[in-house]
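Mind having a look at this structure? Questions to follow.
Here the chain labels run A, B, C and D in written order, and each chain numbers its own residues starting at 1.
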Amino acid sequence: MKFFSLAASAALALGVVSANAEPLKVGMITTLSGGGAGLGIDVRDGFMLAVKQAGNENIEVIIEDDQRKPDIAVQLADKLVQSEKVDVLTGIIWSNLAMAVVPAVTAQGKFYLSPNAGPSALAGKGCHPNYFNVAWQNDNLHEAAGAYAKETGYKKSFILAPNYPAGKDALTGYKRFYDGELAGEIYTKLGQTDYAAELAQIRASDADSVFFFLPGGMGISFLKQYADSGVDLPVVGPAFSFDQGILQAVGDAALGVKNTSQWNKDIDNETNKAFVESFQAEYGRLPSLYASQGFDTANLLLSAMGSADVNDADAFRAALLAADFSSTRGDFEFGPNHHPVQDIFVREVIKEGDVYTNKIIATAMTDRADAYAAECKM
Amino acid sequence: MDDVVLETRGLCKNYGALEVSKNISLTLRKGEVHAVIGPNGAGKSTLIHQICGTVRPDFGSIYLLDEDVTQKPVDARSKAGLARTFQVSALAMEDTVLENVVLGCVGASGKAFRLFQPVLTDRDLLETAHIALERVGLEDVAEKRTADLSHGQRRQLEVAIALTLAPKAFVMDEPMAGLGAEGSKRMTGFLDTLRAEAPILLVEHDMDAVFALADRISVLVYGSIIASGTVEEIRSDPGVREAYLGDEA
Amino acid sequence: MTRENGLNMLIVAGLVLVPLWAFFADEPFTITLATRAVILAMAAVGLNIALGLGGLISLGHAVFFGLGGYAMGILAYHAQTYTPFVEWPFVIEGTKSMPIIWLVAVVMSSLAAFVIGLLSLRTSGAYFIMITLAFGQMFFFFSISWSAYGGEDGVSIYLRNGFPGLNTLAPIQFYGLCFGLLMLVLLFASLLARSPFGLALNAARQSEQRVQAVGMMPFRLRLAAFVISGAITGLAGALFADLNRFVSPAMFSWQMSGEIMILVILGGVGRLYGPVVGAIVYVMLEHVLGDLSDYWHIYLGVLLLLVVLFVKGGIIGAVSGRRTAHG
Amino acid sequence: MSLLLLIEQVLNGLQFGVMLFLMAAGLTLIFGVMGLINLAHGSLYMIGAFCAAAVAGATGSFVLALVAALAGAAIAGALVEILVIRRLYGKDHLDQVLATFALILIFSEGTRWLFGSFPLFLDVPDALSGPVTLPGGIEYPFYRLTLIAVGLMVALGLFLLISRTRIGIQIRAGENDREMIAALGVDIGRLYTIVFALGAALAGLAGALVGAIQSVQVGMGEPVLILAFVVIVIGGIGSIKGALVGALLVGLTNTLGGIFLPEVMKLFMEPAVATSVGASLASMAIYILMAAVLILKPTGLFGARV
């Protein structure tokens, strides 16, 4: 008996409880151990940096590790809602975990702010007044890649992604704005690490460009093997495979590759500059896309706290929707389905000294919302 | 012959170039003990394997009560009335002695797929089991774990399980092994009474027991039966004396 | 009363009292954790029938767990979207009724267990471990790419399914339901272990020859055990999905199979309450260690290693002092 | 599909298979000699890759990196054998599965603790990078060609080791009759440690070689481990020859299945669906192959013992 109550109360708590006001409780469920932990750690660090900088004593963040397992994520969400009585949840990296947690959480009247995953179901028919996505709808970066390909004049793209929903969304997203022919369309095995067969097919095709979505280790493997294969076509992809955390492991193989992102460290505004600087100072590494999303998520939340009480759900929702905070991305606003309307940039991988990183070279889409907003009724 | 219970006709079995059974034909008749003897490596175990169904012969056939069982699996032969004891005890060592005997009853009664009634509350099964235990003299150790039994007691348990099957024929692979003089004598006496119930095909090294029990003896050497006949005939067969008994007699 | 029986009663008492205390102390999450333990225990009780009694080391039980989960996910998905599950040749509607979902889960996982068992039981030893693993991987990869039901994203159910006369949304009531089912399954498992079938199955594990020699086919016994085992794990899968209101391919993964096996070994292979103790301890460890450090898997690994190397017969074996499960 | 492309794909399958063989050889040796199911073999693969990445990062030398991978994995293997594995030989498969599963947890999180959560950098050495043109005009990455050659050489070396050397005789004796080698006066404990370290070194080598063209990260070993198990089960547990044949079969099935199944499906259904269905089937192909082999030959292609 003792064991259970002990377990329930031993969560990592940060911040100081202020004497008069009930603090706002945030539950963060993210991936901190096992595969993909790097992304969760970045989101957490970005989020906590903003909380720390705000110095607001009325916010308490409880951080939990979902191990990238959906059932664990659901269990943690139950714990945070039932035992910790949190007001707001955030942190989930992966779409499948988000699909497991978000509908149930919002149905219970809690707010959920997504710092990363943006599955189409939650942007369209399954949208919810209490669900806000601060990062992007999943298709966005792929759409931008398609738009960039069209702009550049590619006529025959070879496109590939893993055989799972996010992979299919990626190819659909790319095709939504790309209007040339397809030299080939391949679904690879999820978790595949050897792309020799696909590279041979690319070489044998008459493609003029390659688009791929292969998150995590899959992308690292693909890029290294691509560079070594002698295929010399331009490559486009979403930012996930060219992120700060990953680039160092890819090395020269990534140099020059164009990728699409709603953020980069060289976006020219005061907030971003300060963020990049303080993140480096605090954690000793360059911030990633995910860190920026975590940082923005926290600032959005802090801005809403400043103007409304979380116990007044309607007012708090309106405050969130107003998005009255300065984002690292510059302009930031929500569309009617509570997903961002934002610019998406094209970046190129470069080397700064010893460090591989990105620089912005163009804007792929301006004020892009998403393809599902029309289906959202709320 | 009407009173033949078990018969092999021309069994042949090769392992590569090695002929382990060469055209073996033998019969087991009602009421008799038919002993098969022979030196180590003569092919006695392979013969038993074929009769009981764990090894298929290359040629030849096996009949149990005029039914051809050559292609039937082990369990079907057992169901058809063939009870076997093993040379190296094949018992559920973690279970009690009683449970091992009840296992035989379960097999014989066809209750194997009853999922709910606890087996040790089934009176019919228990009665059969206790009778079998009593007959081989293991009643006292019924609740003991089988792994704790002596070597000789395990032999007796093997026989007790065979009894529960109410078989048409017994095939016994060295039931005297490890019993000691006293135990061997008692087992001999018991098997002597058993033949009236069902005939016994006996593979045995203990010559005293063989000569005391056997109605007929077949001598197996290098995969062939070199002689077959009554105890007297075998004792006096010069070929047998030369090939086999010579060293032991 | 033996020490093992005493321990078992203590466990049952704990499973009744802790959630009740949590209910009155308003600690709903403790009830959720207890529910999770009870459901995982049921999955492991299922495996224990194949593993403990039958000696069948299946590294593919996630197949049945996942099938049970998907039975719930698919039926409830169609019910919540008001689309029929099958339109031709006749219309089958989805459902939000737990008893029907359980029935479907049990039937589906039994069928799968029958087919997989039929093919796998021709092998033994390490080969059996690996072929069951292979079947698990087939289901896993299939479910990941099966876009009709979400692929890797899985299927989310907004409201927990219903059971006549109960409010399953109340944690304590859902817990009671799961606990009741676990008790029924344990009753069934204990009857099974003492039945003629259990005796024969257990003997087949120890001496295949012996069982054949008394006229039974070990293959059939094992197949039946595998089917029963799969059915129970499938039922647990349906409950697990309902607990999470969510099902995904993770339930088919080989790590899931491994986890169910860990529960059995941790508690004690072949012991009636072994899987229950294993599940309770595992859920508590997951919870307590998870809070200690990001690298808590190291502690879990060391702990498991110590159990395997130094504790004979799992936790129940260590506490009851009896080293083997049978006899 | 042109013949040249087909040949290139067969080469790809071969290369994948040969790398699997390095993993599978150790696994099957360890099972054959010690009767141990070692789930932690994938961790040794990972250790090899991490050692290589760390040394390559520090020295810039790929050769040194390979040496470090071999040594690191062998040392880790020997340590684990002495500390843990040794106590598992007498136990049943169940205990072995659980204990080595526990080792995976320890190794994976331990590595993450030491090296962090982000993937490490390890690249193909300059001398081996880029494509070469093969007869017939096939452009093929030189490094992959090298991998095929190295893998086949290791296979040959293993066969020679086992058929010609003293330790090979002991290993074969160990596979057939454990009591016999004791009777021969062989120090079994030492033999077991050597065999385990040898298997670990092979896994580490595979990890380092493959790591150069893939992602060096925690958890990289488990997918390969499962494939290696598929390989040895298809080939027959304990048989090196079986491991080689099984590895090539799995490599080719995996590679060619991924290309041809979607094409085959396109004969029956519309392209978009076919691509997806074909890809699903391809990801299940090797498991279907394995199940089929076991159903026809329950102890694998070259397996004798159960």
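Convention: a contact is a pair of C-beta atoms (placed from the backbone, for glycine too) under 8 Å apart; a residue touches a chain by one contact, two chains touch by 3 or more.
Quick caveat: nothing in here was measured; it's all calculated off a predicted structure.
Once chain C is left out, the chains joined by touching break up into A, D | B.
Farthest from chain D in terms of Cα centroid separation is B. Once the centre of each chain is set as its mean CA position, chain A and chain B turn out to be 74 Å apart. With each centre defined as the average position of its C-alpha atoms, the distance from chain C to chain D rounds to 32 Å. Look at where the CA atoms of chain B average out and do the same for chain D: the two points lie 49 Å apart.
For this pair, chain B with chain C, the centres built from the Cα atoms lie 43 Å apart. Contacts with at least two other chains are made by no residue of chain B.
Each of the following residues of chain C touches two or more other chains: 141, 144-145, 147, 295-297.
Listed for chain D are residues 108-109, 112, 276, 279-280, 283, each touching two or more other chains. Across the assembly, chains come into contact as A-C, A-D, B-C, C-D. Within the complex formed with chain C, the residues of chain A that make contact are 1, 3-8, 10-12, 32-34, 37, 64-65, 69-71, 74-75, 78-79, 82-83, 95-96, 99-100, 103-104, 107, 119, 121, 163-166, 168, 187, 189-190. Looking at the complex, you find that chain D touches chain C at residues 31, 37, 84, 87-88, 91, 93-95, 97-99, 101-106, 108-110, 112-113, 226, 229-230, 233, 237, 276, 279-280, 283-284, 287-288, 290-291, 294-295, 298-300, 303, 306. Taken in their complex, chain C has these residues touching chain D: 51, 57, 59, 119-120, 122-127, 129-131, 133-135, 137-138, 141-142, 144-147, 254, 258, 261-262, 265, 269, 295-298, 300-305, 307-309.
Put simply, chain A touches chain D in their complex at residues 33-35, 37-38, 41, 163, 168, 185-191, 193-194, 196-198, 200-201, 203-204, 216-218, 220-221, 224-225, 227-230, 245-246, 248-253.
Contact residues on chain C toward chain A in their complex (touch as defined above): 17-18, 21-22, 25, 27-30, 32-34, 36, 141, 144-145, 147, 150-154, 156, 158-159, 171, 240, 243-246, 248, 250-251, 284, 287-288, 290-291, 294-297.
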